[in-house]
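Each structure below is given as structure tokens.
Below, subunit A partners subunit B and then partners subunit C, in two separate complexes.
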Partner chain A sequence: MKKYLHEIMSQIDGIHAVLITDRDGVPVLKAATESAPELALRPGFLTTVGMATDQAGKLGMGKSQRIACIYGKYQVIHFNRFPLMVSMIASSTANTGMLLGLEAELSSLVQDLKAAVDVI
Partner chain B sequence: MGCCFSSDDDKNSQDGEPNERTTLLGNPVSSSSSRPTSEDYRRRISYPLSKKAEEAAHNRILRYVEANLIDISHMNSQLEQQEYLDRAHEYSHKIATTALAYTYLQKRPFVLVDLPAPEKGLAIIPIPWSDLKLLNNTCENVLNALQEIKVEHKEELVVQFEIH
Partner chain C sequence: MEKPLDRCLDEVFNTPGVTGVLCADAQGLCLSSKGTAHPRAAGVITSLMKQAAQLEPTADNLPVLRLESESCNILIQGKSEITLAVYKTPE
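Showing the complex of A and B:
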């Protein structure tokens, strides 16, 4: 499965890491290159995003599905797949649209992992 | 300059005859029989709301508020290191042992799905440009020739069939 994630990462220039975590930031599946920022891989950062996603769903515009955060050097895209969270860390020059398009490719993998996490 | 005042006196209507002060619709404040009050509503309910129903209503309201309240005070709460490691280990063990259908790992061909070996067809040396030109010219000439075909008849096309 990590190999599959690495293959997906090779499709788009600039992706540094793809993480699938639970709501507490514990990684279920992780694939990262050496250029991925270490701070963004910590559970504290990922937990905050998970909580922000849940709270953003109360703003009256429906459930939050994706969050895209563009920073100076990096961009972080999160897909809300309760109880899991898919996070992609890429360079700020990477194609954001193509990163968002990866959701469809990751959906079957996330579905299988969801079944594994639910059993725990 | 002027003044206006009103009076609640009903002296003029005491004799019962309608005048300019008589209201058309009746007095909505003083008449008790025309409009039901909250007392009437309460009396209509023959039994009071039970405690259980009241509690259920309170719980429903609490749940609604809890679900819709935006609360960011617990954003900084984090797992302990040991619990984090235990859970990560549990997940990796579970994924390794669970038999997952790796259907997503099968690569789907992106082009030429109907050809069994597209790479062989693409590896062939292409037709030279002069041959393609020759083919195109020949086809054009054939089309032109077909359009120029005419039938010229010298005798009658329809002949009487005679029996002797």
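Showing the complex of A and C:
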């Protein structure tokens, strides 16, 4: 599965890491390059997105599906796949549209992990 | 805020033979799309434009890409931070 994530990462320039975590930010599956910022790989950073997703769902427009945060040096894209969260960390110059398009490619992998997590 | 852009895209879309039109920003996000042009194609279109531009980095203008398939032709060109794609029926 990690190999699959690395293959997906090689499709787009500038991706530093792809993580699939639970709601507490604990990594279920992680693939990262050396250039990934270490702070962004910690559960403490990732769990805040779960909270942001929950809050965003209270805006009266239905459940939040994706969150894209673009910072000075990096961008972080999150897909809400309750109870899992898919997070991608990339350079701020990476193609955000292509990153958002990866959701479909990661869909089958996330489904398998979801089934495994549900069993546990 | 997007009315001038929409008017411009409507003008292109109403041209005979055009089945879709899409406008994307530098980040690959769709600004507007009409007809058969799917908003999710914005990332790929921008990426293709960037790759093509690298073939001739010293050129003053960005190249025009033409993708030909059985069902449609797609013309892509970028200027400053905007990329435009026009979907046309094959000639």
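Throughout what follows, the second predicted complex is superposed on the first by the 120 of 120 C-alpha atoms of A that agree within 3 Å, B and C clash if a C-alpha of one lies under 4 Å from a C-alpha of the other, contacts with A are read in each partner's own complex, and residues count from 1 in each chain.
One rule holds for everything that comes next: a contact is a pair of C-beta atoms (placed from the backbone, for glycine too) under 8 Å apart; a residue touches a chain by one contact, two chains touch by 3 or more.
All of these numbers come straight from a predicted model, not from anything done at the bench.
Engineer: Who does A:27 touch here: subunit B (first), subunit C (second), both, or neither?
Structural biologist: In the superposition, A:27 contacts subunit B only.
Engineer: Report for A:101: first if it touches subunit B alone, second if subunit C alone, otherwise both or neither.
Structural biologist: Only subunit C; A:101 stays clear of subunit B.
Engineer: For A:48, using the defined touch cut-off, is the partner it touches subunit B, subunit C, both, or neither? Pick first, second, both or neither.
Structural biologist: So A:48 only meets subunit B here.
Engineer: Which chain, subunit B or subunit C, ends up touching more residues of subunit A in the combined arrangement?
Structural biologist: The partner that reaches more residues of subunit A in the superposed model: B.
Engineer: So in the superposed three-chain picture, is A:39 touching just subunit B, just subunit C, both, or none of them (first/second/both/neither)?
Structural biologist: In the superposition, A:39 contacts neither subunit B nor subunit C.
Engineer: Taking the contacts subunit A makes with subunit B in one complex and with subunit C in the other, which residues are shared?
Structural biologist: In subunit A, nothing is touched by subunit B and also by subunit C.
Engineer: Provide the residue numbers of subunit B that touch subunit A in the complex, in ascending order.
Structural biologist: 67-72, 74-75, 77-79, 84, 87-88, 90-91, 94-95, 98, 100-105
Engineer: Okay, in this complex, where on subunit C does subunit A touch?
Structural biologist: 24, 27-30, 40, 42-44, 46-47, 50
Engineer: Could you pull out which subunit A residues touch subunit B in their complex?
Structural biologist: 1, 4, 22, 24-29, 43-44, 47-48, 51-52, 55, 58-59, 105, 108-109, 112-113, 115-117, 119-120
Engineer: Residues of subunit A touching subunit C in their complex?
Structural biologist: Per the touch definition, subunit A meets subunit C at residues 12, 70, 95-101.
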